[in-house]
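Below are two complexes that have subunit A in common, paired first with subunit B and then with subunit C.
Now for the complex of A and B:
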């Protein structure tokens, strides 16, 4: 457990929640040259907060794969990040084609990636599987032709 | 060993990071699939890869990879070089293929950043 009082971080308090950091980041679909920039930014935020290295690593992995998914498949998306004293939470919402068969999409090696995605070194059907492996709570829901919602929680303790 | 030893062993050219050749490295990970790099590469390790786009640098940055060794004589595009400079990540290139690169480093004492994957994250 991190000694938060030593880190000079303000704990924000509203009626319903306590958090150390909360922000939203836009991700542009199809912009392959910028893919990963939001995750790079979020990783440096988590480092500045002073989270343990293993938590930063897990967060970076799930955030990066999620960002690549938005860039690869959606028109646009938002990565909402909330850091509390106990968890790192990502609410990732995109507007795009959605996932017709979630069970199939979760399978290792299943992919609908095109050439551009594979040239970046992704698209081997490992993304969602990796995200699930490195999450403590993983919740994926989707509506075809509307978009996809991914909730990820990583426990700090 | 030092990164300068890695450079010697692999007869590598240093594209970015000549000022960081004193850096100590002990472990490495090699893959061309970035999802596997994200899942398995560890902080402080060398990353051996044949992929040269800017994703390699961004991923190395978020994982705190010590240095990147491009194998099979790959020459990275200018965006990749510029990003490596921005993030201060040493970028080397060797003519050896991935297997030879790994073997030559292993023979001199560099080991994998992990030996085997665990069951829950294994690729079947």
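Now for the complex of A and C:
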């Protein structure tokens, strides 16, 4: 175990990985009244760790968009957060309809959101595109009628 | 410039977090698409929008906006107000449309700087 950064953060060491923080957060599909709660919580965790502001900013954007995607389209999902001395990593897994055409879903402006979602100002077809823009590694895979898996890595430089 | 000064000069009606009007406004962003605001607004911005539902509070909290102004006399939903008071996000209402309000606030901030 080593101390990291100016804050007294403990680096956990297992056989396979070193990390500063690791946790999973449940997100409920369809519940817009709580949308953003997990992202707000994760942001405060990243602040407490003492990460640079630009990394916190990017993380908040990708986390929020991912959370909103679960709320908007999936039955439920999990946001797994791992912070190391070099990266902020999100593994986001949902149970939902999946994405039939990932290439199309990545296009800015393409959206399958219904009217209700759009009226709230979501579903503009910017979510996945924004996530990709603010990630250093972005990996999206999906199975129709099962769900979607999104891996995002933001490098701390 | 703080929120209180802007609220007085532009005759805004304060609807939530009236104890937090000393928040410093360093810029502004106008938009109703939440992903756009999420990606492009900054900490310390005053957010001008006509969305009235509670998710605006989550965005303003995450982005650490100084406050939110609703345009065209749109009133915040009740649960929006509850959340805004919890999170200490001032929400104000203007009778101006977004274009005019944005211009006036832009001028106020430019003069100050």
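Simple rule for what comes next: the second predicted complex is superposed on the first by the 153 of 157 C-alpha atoms of A that agree within 3 Å, B and C clash if a C-alpha of one lies under 4 Å from a C-alpha of the other, contacts with A are read in each partner's own complex, and residues count from 1 in each chain.
By our rule, a contact is a pair of C-beta atoms (placed from the backbone, for glycine too) under 8 Å apart; a residue touches a chain by one contact, two chains touch by 3 or more.
Here the structure is a predicted model, which is why all the values come from computation and not from measurement.
> Could you check whether subunit B and subunit C clash or fit when both are placed on subunit A?
Overlaying the two structures gives a clash between subunit B and subunit C.
> Contacts for A:70 in the overlay, against subunit B (first) and subunit C (second): which applies, first, second, both or neither?
Neither: A:70 stays clear of subunit B and subunit C.
> After superposition on the shared chain, which partner residues are touched by A:35: those of subunit B (first), subunit C (second), both, or neither?
both
> On the A-aligned overlay, A:121 touches which partner chain: subunit B = first, subunit C = second, or both, or neither?
In the superposition, A:121 contacts both subunit B and subunit C.
> If you stack the two complexes on chain A, which partner ends up touching A:108: first (subunit B), second (subunit C), both, or neither?
first
> With the two complexes superposed on chain A, say which partner A:83 touches: subunit B (first), subunit C (second), both, or neither.
neither
> Please identify the positions on subunit A that touch both subunit B and subunit C, taking each partner from its own complex.
The overlap between the subunit B and subunit C interfaces on subunit A comprises residues 33, 35-37, 39-40, 43, 60-61, 64-65, 120-122, 124, 126-127, 130, 133-134.
> Hey, which residues of subunit B end up touching subunit A in the complex?
Residue list for subunit B touching subunit A: 32-39, 43, 51, 53-56, 58-59, 61-64, 79, 120-121, 123-124.
> Within the complex, which stretch of subunit C touches subunit A?
Where subunit C meets subunit A, its residues are 32-36, 38-39, 49, 51, 53-55, 58-59, 61-63, 79.
> Can you check the complex and tell me which residues of subunit A touch subunit C?
The touching residues are 32-33, 35-37, 39-40, 43, 60-61, 64-65, 68, 120-122, 124, 126-127, 130, 133-134.
> What residues on subunit A touch subunit B, complex-wise?
33, 35-37, 39-40, 43, 53, 57, 60-61, 64-65, 108, 119-122, 124, 126-127, 130, 133-134
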